[in-house]
Structures are given as structure tokens and as C-alpha cells.
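Naming follows writing order (A, B, C and D), and every chain is counted from residue 1.
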């Protein structure tokens, strides 16, 4: 089109509507926050130390997966619909590999998770395959291979193995996975902000076409983003295996959608390029806090799921209303 | 730059079709390999009381419609039945449904259409198999409902139900908790229950019996019943939140995790919350059911007070002799319930081994 | 703007992929008869009937997803609408099954309307909106059902719906076929269908040409929700049960069927007939698994492998990638042939 | 139908596209709308067809004021547009496309019943041999353009607007279009014919309106103008001043030979030296963009040889192009170019992340320094380094884009497509200086522009293109505004007469 650039500086009318949109967005956000604070204050024992600890524990596992999910989102590839399966595979691999020693087990688990997801990233990055379908297919493949190799049995750690007990410890009264999550967020945030790779993930996610034209390593970046997600899922799986002391294909259960919800509620843009892994942490925290509040107030599972859905919708709408550019 | 010869679209399609064909052959081979591996397991000796009937049942056909091998409990349960029947010379087909009711009904109809001598179904949803069972009755195919709920008429037209005694499991759980708390020298306390998928008959039946026991022990109060969805992580999360909720309302003295791995989740979250566990520490009393290895290990470690059976191998061993009897022409009862065992540290010798398979 | 127009060659290539559903279906039918024969059995009338039953349980879900994909969107919430349909129909349709279906479809349509409005008016990625919608509706279904599966009191409805007709069919599969026929006719022979495909193909051009895209988009989401709910309510009657959470099995079936049915993920391409064929291919595959008693993990591997292969083959950059791989093999530039003599 | 346009004003941000243009269109008249790039033709057309709404001014039909909210409103008022960009849906058939969005079309589509009508419309544009049920994606670009014209004809509108309808057509095809247009006019409709091609304007139209810089120059009956007067009206006061010496060469010779970019560009040869600027002049659709995209590595199916300083280079991919020292700046700033939501600084350093990191870790100081240097070079306020690019004006965005490719290690050849599209006057001068600076640093620069002033201002060597082929390659001193305009608006034979 030979239209002069309409987003260069907005005509007055556009500024008006723009700010009105943002105003609505902020108003909705404000109401949500007020609602949350009201709930927090009026819910019995919500603010007790013990309950806050409980919320943190609930944040731990999901948060770790959500960090990986966010990296995929930032790279502009929507989300993976099989990270939960990778979590299960991670748990199984870890407990199985413990017989080789703790360090080899950790390395093998991370390697397996990373490789499983990196392959998906490679297909998506190199030939532009649709991430949703690739990840669904990869999920079925992972489940199939794992079921075949384990023959469907539960996997247990070697009897009397205490080497991984630190994973279930509670230093300073807070669960180990919470520390792992915090360290992971710090590392990932540094990687995303301070490394060439991280910069490129944001750029590729923002505009893949431009990134290609600018000669960025698009295939490598997308493969890398999925590899990180795989490593995160494997890490969560490892901790989960240690926590559960047994692993089956079913442990990953709800992680896929919980992690997507956390990443979205954190406010990262599903279209890529905007957001951060730290936001995933907050998203997971908010969801955990609200679920906890609903549980304490005695609401059923159905209401908990529904509130999660509505929260996702609200945040998505608010993010869109606040977007700097109308991407019509 | 050059124009390279490109893979033409015909090539693409040919590739899909070829891939598809490979996939199809794999499907065939897959079933091939599975059927070839099973005979290897035949050497498990068939129980003595059924050997008399063996001659009569050779070549009879049975279809087992059940959940899948990806679930460890299902796997042991199903294969115990399959191996037992095969050892008697029965021809068994095993259709997996992965807890998907729609797939299960498809499989069930498939099974009925093949007109076998018996169809065994582990219902993933009691209601959803009702129409298919009705059809089976019309077609004259005997259907056995395995494992599910007590025959209260919710599934009409069944030939027979061979079930775990769900109520007994709930009853034992309550008894375990009360016994454990009393052993700590307390006279009563707050209890919580984290159930399998809420609303299922298994969960309902167990909680009903659980509550019946509590009714006789009014000093014990069930303060919360939450849906743990047979999910260890979710159970752990809920448990910790409940600990927090009741921390300044007298705390929680006993917790029922409806499966041992859910009880394991509760134990983990008690540790995370720095709560003492077990009689020895005068702490939280935890009990489970379905006796999994994690439960037995926890009982040995003193962290879990007890559990109850429904061990998959034991349940399976209860099922197949009855089926063999039926195939041999004996009449069997409409309802056969396995007596469940109550497991605590004292009875570990009796149940420890069978409960360590899954 | 230097918009690169698709060349006729690319067009031919894309269209050639359009016959994929037919070829796959033929291949599947052949396999359906050949593979059991290799094992010494053979499929019966009943197996064909059962495949049709499986098809009618899930194909409407595939159709619901498919029409949004044709329009260039992606509706993840169909899965929850499917459960919602069963739940509402089972609870309200005891005395009059038709009333139950009508209420179920209307309820889903209403929620679809809200989703459609959000997607169309706020221009938000439809996958995110419908993910939120999926969770919300799933929660709603759990609330309506009291977090448990709900039995349908009128069991005979389900039994007569599934009664074999002409050995292969049942009322349920005939209803499903009829719905497919209607949707096929609408998509093929009305302005709506053409505009829908146009919108999925080239939204800007469609607007310029004077098509009001927003109402169409909203309508598309409403229709999608309604079709999913209809499929769900029929399944609910057939199972005589409404199950709040069916897991992801149905969604994966639907996505695979849509893809195998020749619907392009980029939008603008696909037909109800193709989706029906894709779903039937899968239903036959499932029936084959059942017939051969294929272990679950093998069917997992096959389904996953199939999805992988189909996505790779329909990936947009496959040719570019292939070319660059080929080009990379030419180590020294001097070896490259000069394509044209100098003018 | 009589359509009157009064004092239309339309701005896009600081860029005034129309500054009070008035116009009157009468039945049976083929009204040419001429003007050089940026004159405001397209904006006027968009307002007439309801795609955009004016900031000020009135439209009147038969004396009644009317306003269009969307294309459908305009269509209902009897106005049909054949857009300059292809606006067909490739997946649909010819018949479906012709019917797409037609007001009053019946709900049920009956391909059989529509067939004779579609056939007849196709016949009018010379596509009689094409079946209405052919999918558009199987047609060549030219055929697609004709289908779009057929769609415009089929709207039976009182006013038919054809925006650059002939850019991609062959002579025979053009003849068909002309006949069809004359027929429609004879039936009483009024036609607006937007074109750069003066020969076509002179032979087809009754009246011509010339716009320049958003203002009306004049509306005249065709009999009162000829080619030179039209060119003069369009060009206005372009100063043919700068015919200075060639810039000094760095000695590195860049040659492009037999470059083929399907489907339109066949056999383009270019040659220049480091330190020189080559401008490719041409109208939309002349093939210049395709040539530049191919050189940037964005068209894998392109063929031909490129060598820099005697060394053949491989540019199958953008990465390959960059590695070979070719930096490409797309004309599609938003699509192929900038990362709009990222900061200015991130955009500036996007192509040199490798140099600014050690073992994969960014060197923040080096990055900040580089970004600051580039901002200074490119003339961007360093205080805006942290702002998102989307918040900048078009001119500043373009400077960011350019800055990204400046002073890159190993760059030998800089390629720019429409470097000042959507940029205001002040920004243009700065961008031109940047381009000159790049040449002074020894880069060979090739740029394409549809704006003659820009070509004449910047280039050492001027290449004119028409219909996918090079018309002429000359030194700046041998070219005048009029001769260049003649070459890019005519076929060879016509051009010689003017030059």
C-alpha cells in the first residue's frame, strides 16, 4: 500500500480512542485488583504465613513449566500443547536414571527434555510448521515412546536412595522448588535480556519476517526457545518425581494448560515478542493465590476452573486494550 | 542463486500416502508383537481350584474392555486377568480406552459384535456403558462389570458384577485414622479427605462408608472433603492449603488420601509445612487405599498410618477364576465382592508384598 | 507495498494438496480390508457401522473446529462446547430430547457469540480468547453437572439413536450426515460459505471487495460453538451420560481430522466434505486399532507420527528449506550453473 | 451520475496527503487522474471508494452530500473500485471473486446461472478463454489484474475507479481493457482512470486532472494537453541542478548479470562501483522491488549471477546476502523491516548482535555505545534510544531502519527499496544525506524509487525500468526529469520521441 505510515504519529482522533482503550483496560485491571484485595482481606487465614507458603508451593511446579512456555510464546510460536507430557517424561527419566547416580540422572533428564522439545522447535523453525499441531503430535509420540519403554509401570527411585532428598527439603520453611523457580527466573531473565540469543528470541518473536530479512538465525533461535522450554519441563518433572517418589505418564496431567494460563495471565503477548519470564512467575503466583482463595472459601472445582478461564480472558483483553499498536 | 529442481506436489502427496501405509502396517505389527509377547507370561501357574475347568474353557473367547497400560494400577489388574484366562486356554482380546468413555463404548460395542463368550468391562463411567450393556443383553452376550461400584441397579442387564468392596475401603480408611489418632492419646480430631474424581461412584461409595464410621465416633469431625482427581500433585496442593486454613482452628489431625499416591502427596505437603507426622511424633495421621508401593514404603517409614487393599493383582486374581467358572458353565452370583484387607504396620507382613507391585 | 503474490505454480501446488483427503481415505479403506486379512480376520458390516458411530461422535467437533480454521481462525473452545452440549441436553432433554438439543445448541451459541465479538471487535488472537473460553466453559459445565457425570434418564433415546439402519448407519450417524450435508451446501452454494473462505484466504482483499467481515467472523464462532454443542448433545444421548471433562482425546481427533481433511491451517481452503473424509479416515483407523486390538501406545505413536508427517508436508516453508539445503550442498559458488545466457 | 468532490483534506500524521482538492466527475466521461508519486491520487481514490474517510471536505452525488463509512457504502452509492493492489482471494474461483462482496448478490450462489454473465465480463477484458470456475491462484498476475477489472465492470457502477489498472498488463491486454472502459463510458458511467502512463491517458481519457503534493494543479480537457505539458504539470519545479561529477569510485565493481525473478523480471543486468549510487526509477509494478528483494536474498527462486569485486557471491538467503556483504533495506518497513515494539536501540543493533556479544553474552556497554553511535550517525535523538520504534514518526522509523544497516563491517553493497516512503520532507533530506554518506564510505548503493526527484537528487547512475525490464542505464548528467519520466511511463518507442 502506498498509504503514508498511519502509525507514525496518530491523528488526534486515534490518540483519543487509543487512550480511551487504555483507560478501559486500566479500569478493568483496577477492578480486578480491588476484587482480589477484597477477597484476600475477607478470606479466613488467607494471609497467614502457612497459607502463603502453601501458595508458594503451588506456584513452584507450574511456574517452572510456565517459564518455558513463556519462552516459546516470546519466540512467536504461540504455545506448546505437550509440555505436560514432557514433564511426565522428565519425572520418569529422572527416577529411572537415579540408579546411575544423582548427577548423571539430572543431566540425562535435562538432556531428554531438551532434545524432545528442540526437535519440535527445529521442525517449526526450519519449515514454518504450525506449532500447535507439531506439539500435539510430539505429545502423542512422547507418550507412546514412554509407554513403550516403561511398559506402563510406575517408576520408583532405587530403594533407599536419599541423594535427591534435598529436592524435597524446605530451607527456611519454603519448598525447594520455589527456590529453583526463583533461580530459574533470574537465569532465564538474564539469558533473555543479556545474551545474544535472548535478544534474538524477542526479535524473532516480534517479527519473524523481519528477523529473516535481517539475517537473524531464525531456525536456531526457535529451536533454542523450544529447547529451553523442554529443559524447564524436564526440571519440573525431575522435582515432581522427587516429590512424588514415583512417576507415571499421568503426573504431567494438567501442567500444559496451567502453564499456558500462567503465562497468559502474566500478560505476555501470545503473538510473541512482548512479555518476560518474570511475568510468568507472577502469572503463576496470581493463579495459585486465586485458586487458593476459592478453595479456602469453599468453592467447587468447577468454579475454580471457570475463574481461571475468566481471568485469562480478562487479562488477554486488558493486554490488547493497552497494546501500543492496533495490529489489525 | 539458481532454480533448483523442487520436490513436486505429487511427491508430497505420495509421501503422505506412503507414510500412512507405513503407519498402517505398524498398526498391524504392533498388535502382532503384543500378542506374541503375551504367551511368554503364561507360565504363571493357574490357581488350583480352576484347573478342573480348564478343559471346558479352552478356545472360549473373552474380550476385556478396560483402561490402559499407561496407568500402573490398570496395567497390573488387566494383565493379571488376561494372564489368568490365557493360562486356562481362553482366547483374550484386550481393548484399551485410556479412560475415554466414548472410546470405551466404541470398544464395548466392538466387543459385543464379535459375540464372544463373555465381555469384561472396567467402566470408566458407570452411566455411559448402560446403553451398550442393554444392547449386549439383547444380543445375548454376557457382560461382566469389573471393579466399579456396588450393584445398586445403576447398571441394569449385567450378567454379573465382580467388584472391589469400595465401602469397605472407605470404612477401613476411617478406622485407620481413628485408631491412629487414638494411639497418639487424643480422643478426637479434625479430619480431611482428598478424594478421587469427585462425583464418581467410587469416591461416593467410599466417602459414604467413611462417614458412617465417623457417625459412630462423634468426636472425630470431617472438616473438608476436596476433589483430588486421582492426582498426586493436586492432592498435595490442596492438603497444604487446608493445613493453612485450619491452622488456627485446631489444626488437622487426620487425612485420608483416596489412593496411596495421593496420601503420599499429603505426606509431602505436611513435610513442606513442617508438620509432624505419624504416631511416633504425635503428628498428623495419614491413611490411603488401593495399596501402592509408595503407601507401603510410607507405612514402613512411619509416615503413613495405614492403607487398604484393592491391590490390582489381588483384585485381578479374584476376577479370573470366576470368569473361568462362568465359561465352564457354572452359575455365578450377580454380585461378587472381594473382601478387602485393612493394612497397617501390624498387617504389613500379610499385605506388604502384593501391595508393592504398583 | 512489495507484496509478493503467490505464483500460479505455488497455486497449483496448494491445490494439488487438495486431493490429499481423498487419497488418504482410499488408502485407509484399502488398509482397513487388507491389514486384517494379513492377520487372518476380516472386517464385518459391524466394523463399518462402528466406524460410522465413531465418526458421528467426533466429526461434528471436527467440523466446528474446521470452519473456524477455514475462516483463518482457531477455536480451542469447541472441546468445552462439546461437553456443554452433552451436559445441557442431558439435563434438560429428559422429556423431550429435541428440546434438550435445542437448549444445548442455543446456550453454546450464546457463548460463541461473546467469543466471536471479542475476537472480531478487539482483534485479539482467537486462539487465546478461545483458550480462556475453553476454561470458562469447562468450569461452567462442571458447575452445572455438580462436578460429576450426569446420567440421562431416558436411556432408550440413546439406544434408538444408535440402532443400526441399513447395517452401516444409525439415526445418529444419519443426523450427522445430514448436518454435514447442510453445512456442505451452505459453504459451497451460498454467499456465506464463499465469504468465509474468502476471509480465511485474504482478509484485506475481502474487506476491500465490500464484504462485511466482522459479522461473518462472529457468526463463524457462533456456528462453531453450535455445531460442537450439537455433536456433544448427540454423544450425551448416545452414552446416556454427560461427562464434564472428556480430556483432550476428542480435540486431538478433531485437529487431526481437519488437517487430514485438507483444511489449510493458514485459512481459506477446505470443505465440509473434506473434513467429513478426514474424520472418517481417522474413524476407520480407530476401528482398525480396535479390530486388531492394537495396544494403546502403538496407536499413540501412529497418531503422533501421522500428525507430524502431515504438518511437515503442509508446512509453508518446506520448499524454501529444501532449496536452501540443496543449495548448501553446492560448496563452491563457481560450480553453480548460470541459469540464463546473457541477454 | 454526477460526483463532486469539494476541498478534501486528508493527513496521515504530519504527512498531508490531500490539501483541499476539488473535482467533478461527469457521466460518460473517462477522467484521468495523474500525478507523480505522493501527489495524493491513491488517497483520493481511497476516499472516493469508502476505504478511508476524509478529515475535511464533502462528497456530493447529484448535488446530495454523502459520506461512506466503508467500501460497502460506496458500492451501494454506485461506486466501484479496482484497487491498485491485487484484491482477489487466490483460493476462490474467478466467478466467486467477481461476485465477492457484490451488493445485491443473491444469497444462494448459482455458478451455473452466473456463468454467462461472468463469461461475458471476462470476454470484455480479453479473458474469454478462461473458465469462470478456474481458481484465481492458477492465473498469472496479469490475468488476475484483468479479473479484477472484470469485477469492477460487473458492479455496473455509476462511477468506476481504476487505480493503475495496466501496470502488469501486456499491450494486447491493455487494448481489451481500453475497449471495455470505452464501452462502459458509452453506456453512461463515469470512469476515473489513475495512471502514470501518459500515452494511455492521452489515448483513452476525455479529461485529465493533475495533482501534485496533495494539491490540484489543473483539470483540463484532453485536447488541451499533450505529453510535454502533462509532464511539466506533473513534474512542476523539479530542478535539474545537480549534474555534478561522478562520485569517486572505490574501485570495487559490483555486477549483477541476467537476474531473473519470476514471474515478471527477466534478465536484468546492472553494474556499478563502490562509492557510487545507482537509482532505479520506475512505477509500481515495474519490477524494481523484485530485483532488490532478490539481491537481498529474499527470493529463493531468483536466478542469475552477482559478483562483488570480481568475486561471485551466493545470496540464496538473507543470511547469505549479509555474509556476502549485501545489506538490504526493504520498502516494507513494517513487514520485512523493523521490530516495532522493540526499542530503537534494539532495532539499531539487531543485525550486529554477533559483533556485540562475546561467547553469546551481550556486551552492554559496547551495545549501548554502538547504538548511540548509530543513532548519532542516523540523526536520531539519543534520548529516544529506549523508546519503542512504533512511537516514532515514519521518518525516524526509516532512519532507524537505515541506521541498522550503516557502517556494518563487511558491507559492500547497500540496497534500499523506496527509502523515503511515508516520510515527511525534513526526514527525506536527512535520509538522503545518510545514503550519500554511505556512498562516501565506499559502499556501492542501489536504491529504487517511484519518485523522480529522489532519483535525480541522489543517483550517479540512473536505471529506468518498465514492465520488468530495464529501459535505459545512464549517467546522471545524461538524464533529465522529463526524459526519465518519459521512460518509466511509456514503452520504448514512445519514450524516444520525448527524450
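Keep in mind that, in the parts below, a contact is a pair of C-beta atoms (placed from the backbone, for glycine too) under 8 Å apart; a residue touches a chain by one contact, two chains touch by 3 or more.
Keep in mind that what you see is a predicted model, and the values were worked out from it rather than measured.
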item	value
Chain separated most widely from subunit D, comparing mean CA positions	B
Between the pairs A-D and B-C, the one where more C-beta pairs touch	B-C
Chain centre separation (subunit A, subunit D; CA means) in Å	43
Euclidean distance of C-alpha centroids - subunit B vs subunit C, Å	33
Inter-centroid spacing, subunit D versus subunit C (mean Cα positions, whole Å)	41
Centre-to-centre distance between subunit D and subunit B (centres being mean Cα positions), rounded to whole Å	69
Multi-chain contact residues (two or more partners), subunit C	1, 12, 145-147, 296-299, 301, 305-306, 310, 318, 320, 323, 327, 336, 339
Touching two or more other chains - residues of subunit A	1-2, 143, 147, 152, 300-301
Interface hub residues of subunit B, defined as touching at least two other chains	1-3, 68-70, 198, 227
For the subunit C and subunit D complex, residues of the former touching the latter	1-8, 10-12, 14-15, 189-195, 197-198, 200-202, 204-212, 268-269, 320, 323-324, 327, 333-334, 336, 338-343
Residues of subunit A touching subunit B in the complex	44-45, 48, 50-51, 53-55, 57-58, 61, 143, 147, 151-154, 156, 168, 170, 173, 175, 240, 243-246, 248-251, 253-254, 292, 295-296, 300-301
Subunit A to subunit C touching residues, read off their complex	1-2, 78, 81, 123, 126-130, 132-134, 136-145, 147-148, 152, 257, 260-261, 264, 270-271, 300-313, 316-317, 320-321, 326-328
Subunit C residues touching subunit B - in the complex, by the definition given at the top	12-13, 16-17, 19-20, 23-24, 27-28, 31, 35, 38-39, 44, 46-47, 50, 53-54, 57-58, 145-152, 155, 158-159, 162, 235, 238-241, 243, 246-247, 249-250, 285-299, 301-302, 305-306, 309-310, 313, 318-319, 322-323, 326-327, 336-337, 339
Residues of subunit C defined as touching subunit A within the complex	1, 74, 118, 122-125, 127-129, 131-147, 244, 248, 252, 255, 259, 265, 296-301, 303-308, 310-312, 315-318, 320-321
